[in-house]
Amino acid sequence: MKIVVCVKVVPKIEEVRFNPETKTVDRSKASNEINEADKNALEAALQIKQKIGGEVVVLSMGPPFFEPFLKLCVAMGADDAVLISDPVLAAADTYATSYVLAQAIKRIGFDLVLCGESTADSGTGQVPPQIAEWLNIPNISYASHIDVVNKKMIVKRTIRNGYEIVETEPPALVSVELGSNTPRFPDFKRKRWVDKEFQLKVWTAAQLGVDLDKVGRRGSKTDVIELKELSPIERRREIITGSEEEIAVRLADIIKAELTT
Amino acid sequence: MQELWVYVEALEDGVENVSLEVMGKGLELAAKKGMECSAVVVGWGLDKVVNELRGYNLSRVYYVADELLKTFDSSTFSKSLHQLVETYQPAAILFGATYNGTDVAARLAIRTGAGMIAHVVALDIEEDTGMLVGDVPGFGGNIVAACKCRPSVLQLVTVRHGIFNPPEKGESPKAEVIHFKPQLEKTDAKVRLVERKVEPRKEISRAELVVIAGMGTGGDLTPIRKLAEKIGADVAVTRPLADMGAAPRDVQIGSTGYSLKSRLAIVAGVSGAIHFVSGIRDVKTVISINTDKEAPIFQFSDYCVVGDLFKIIPRLVEML
Amino acid sequence: METVLNNGEPVGIASLCFQCGACTANCPLNINDGTRMNPRKILRKLQLGLKPDVDPFMCMMCMACEWVCPRGVKILDVIRYFRVEAYRANRTPEKLVQALWNIYEEGNPWGYPSKDRGKWSSGLQIRERAKTLLYVGCITSYDIRLQKIARNIVRLLTDSGVEVAVLGGRERCCGDTIYNAGETDFLEELIEDNIKQFKETDAETIITVSPHCNNMIKNVYPRYGGDFEVFHYTEYLNNLLEVGKLQIPQRYNGEKVTYHDPCYLGRYMNIFEEPRKLLEHVKGIELVEMKLNKAVSLCCGGGGGHILFESKPDERPSNIRVRQAAETCAKTLVTSCPYCIINFEDSVKMQKLGMQVADLTEILSGL
């Protein structure tokens, strides 16, 4: 089975700073990591490959600094890695992002596409179903377990207060629930080979062959018009003093405010 | 007149709470802009749900029904909804940001080329343009982006649960029911339901409001439970209390237990050793109560109370 | 079987065993009813060319078995062999795999943000380069209660005229957890990176806070090119004491304290007398010994990676250990390992014993 796993590299949330003056998000000093749910997706793919054989390709759209992270995925056991990198693709919303990823997936060829349920930075959860729509394939979200038996896929998915077991055939897209498995640690011996010898495929927009009206800022269908900080990342550490009565009143106010936000 | 639709998700017994919350906001925004507000239900065998929806001050209830829509499949649901959209051309559709709702809205966004604003925590409409502006939290919820769709035939918004209020019911059922039969082939339904189990599973890691008890309670969770009940929170414990059997391990918080992503955690009688605090790191607001003013927990809290939880919590419950 | 250890194959190690069973009798896992860990049986199976049925991750690596063995069989090397084998066969406990990711991404097994690692020293002026480096370790850097220990050591050293540097936020895990997980390749890279980093501070001497870090940097790092003089802080402070350089406040009110020998300090490094000499130097302290002290000290249950696992309350040796401490009627249980402190504080709280648990530096600094 050929499985394409979509991976995003995200900044460490606690290192991202909001600049209240310029009202912009400053990621420049934040270090990056592979989006946790995407690791779960890759682990699910590797488990399927172990069971029934096949090929696992990781795919990402992003700037060149994504490369070492994709190489880490190969060290985990992926067979190949593709990075779509081009300044014209930047500042894309989910519409434009899913379009590009879908074109890349078509070019790579697939039986199954796996994604993480959502990303740690924007967390919309929209890209997986949108990729599925571009590819005209079914999508199953929040999968906690995937079984591939006789060219059929049996997926257990989480719903509120329970689960569903659904069935479909490839080609299909499944988004994997965060924490539904323990991602294997990369094989560092393999990583040494990957770092020295392995060449991942890097495609520009032109090499991929995309409709420029559907990519990047130009192709997006939504805009951010203002950024606001909701609450700072450091704890307030505000000490509440007074009589028991006074403390209770203050706490009640804080709690009520929190409940209605 | 322009229409604002609210996508209502049906359950076995009624509808999703968030769908009603979204309806409340939808009705308010539609009135503000002088638009009509209608509900959309997609499925099969949902006549009872549709009829109940008529009791709200909606203009219409669209019922997209087909046997192939009996169980959820984002492909068939978004295809059917797309056909309804092409027929009736709403200006905007609001969805609850549920797993299924997001899938349908997302696929519809690609089909129609519409912009989609995700899991908003605030929503308004521009009176002059009729464009919706939604506040979208990101980066762990600390940073919020006000987003708007680009001018298009349609705007799509998903709304986070617990933000808005459900509407009041109208005096008498006024809404017109429009039955819509979508054009679907059997081959469109590619996802088949094998089993569905709803079990009240304690998923403390997804709890929004939590009251956590530590050794300072001595194992007596009575005040904790009373507070939790009053505000609709879950009860969780630290490791020593789970050891004692005061509560099961599936509500134990910490590095060898669960991590919370709640909006609010009230932490009572917990000293705040590092293996505990890792479990509350992603909680938005932490209130701590401890008799020891040097307790490490205060370093990881937003509001710190040095005091006796057995005295303070009962007073707090009275005030709420 | 592949040779993964410096001292030879596990079968070779097992050949010395004459099946007396002292190891199994002494194992803290067998302290309650039943035999949960049976080194004697494991070694017998190896001698017979059979595969032992053992969960190597159950072991706390406390060395009680090796210490009583009349033949000097390196039982822990056998356990480690099986851990490496389990890692390669994907049978490592989840918590340890997560810990590996955490060390890779955040520099510590718990995954606390790397940007917060240097915060323990806020307010203190400490140099970045000196011939003596204090290696603080992960849990001491992040846990508020344990951070005091690092601050105490810095103060004790600088008051005694020692120029000491710390890595602060740049410090990364010593690799003890990786070693416990049975992973060998990332470990090699991490150790080489750490050695390079230590050299960049001009360090010739390294002082450690945790006996676990001590074991890694002193015994394992030399295999990868680390050639520093490594001391646990108890050793180093005792050296200062012996040449009359140690400046410590000496006020105490005739309090009884008892000292617990951490496994990784006592049995691993043969450091029993140094902490006691330091305690005796503090005027007003009465040091009493509890049962199973020094070389036969009972493990707190934190070694071998166990500090990351959940455990059943009645299976925690630290519960028994604090009761043994309470039996001496000492007011304070003193020790010199951060894992021991965490486990003992937990056990004291759970059993409502009313004892205080303190690090040795807290006694030296007048608490």
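Per-chain numbering from 1; labels A, B and C assigned in written order.
To be clear about the criterion, contacts are C-beta pairs under 8 Å (C-beta built on N, C-alpha and C of every residue); 3 or more make two chains touch, one makes a residue touch a chain.
Since we're looking at a predicted model, the values are computed, not measured.
Q: Using the touch rule from the top, point out the two chains with the most contacting C-beta pairs.
A: Greatest count of contact pairs is found between chains A-B.
Q: If you average all the Cα positions, which chain's own average lands nearest?
A: A
Q: Measuring between Cα centroids, which chain is at the maximum distance from chain B?
A: Relative to chain B, the chain with the farthest C-alpha centre is C.
Q: How far is the middle of chain A from the middle of chain B, if each middle is the mean of its Cα atoms, in Å?
A: Measuring from centre to centre gives 21 Å for this pair.
Q: In angstrom, rounded to a whole number, how far apart do the mean CA points of chain A and chain C lie?
A: Chain A and chain C have C-alpha centres separated by 38 Å.
Q: Between chain B and chain C, what's the gap in Å when you average each chain's C-alpha atoms?
A: Each chain's C-alpha centroid was found; their separation is 46 Å.
Q: Name the residues of chain C that each touch 2 or more other chains.
A: In chain C, no residue touches at least two other chains, as defined above.
Q: Multi-chain contacts only, two chains or more: what residues does chain A have there?
A: Within chain A, the residues that touch at least two other chains are 14.
Q: Which residues of chain B are in contact with two or more other chains?
A: Residue numbers touching two or more other chains: 299.
Q: Sort out for me which residues of chain C touch chain A in the complex.
A: 90, 94, 97-98, 100-101, 104-105, 113-115, 183, 185-186, 188-189
Q: What part of chain B is in contact with chain C in the complex they form?
A: Where chain B meets chain C, its residues are 215, 239-240, 243-244, 249, 255-257, 272-275, 278, 296, 299.
Q: If we count contacts the way the header does, which residues on chain C are in touch with chain B in the complex?
A: Residue list for chain C touching chain B: 95, 110-112, 139, 142-146, 308-310, 313, 342, 345-346, 349-350.
Q: Help me check something: in the complex, which residues belonging to chain A touch chain C?
A: These residues of chain A touch chain C: 12, 14-15, 31, 33, 182-189, 191-192.
Q: Can you check the complex and tell me which residues of chain B touch chain A?
A: 73-75, 78, 98-99, 102-103, 105-107, 109-111, 113-119, 121, 133, 135-150, 152, 190-201, 209, 231, 263-264, 266, 284-287, 298-307, 311-312, 315-316, 318-320
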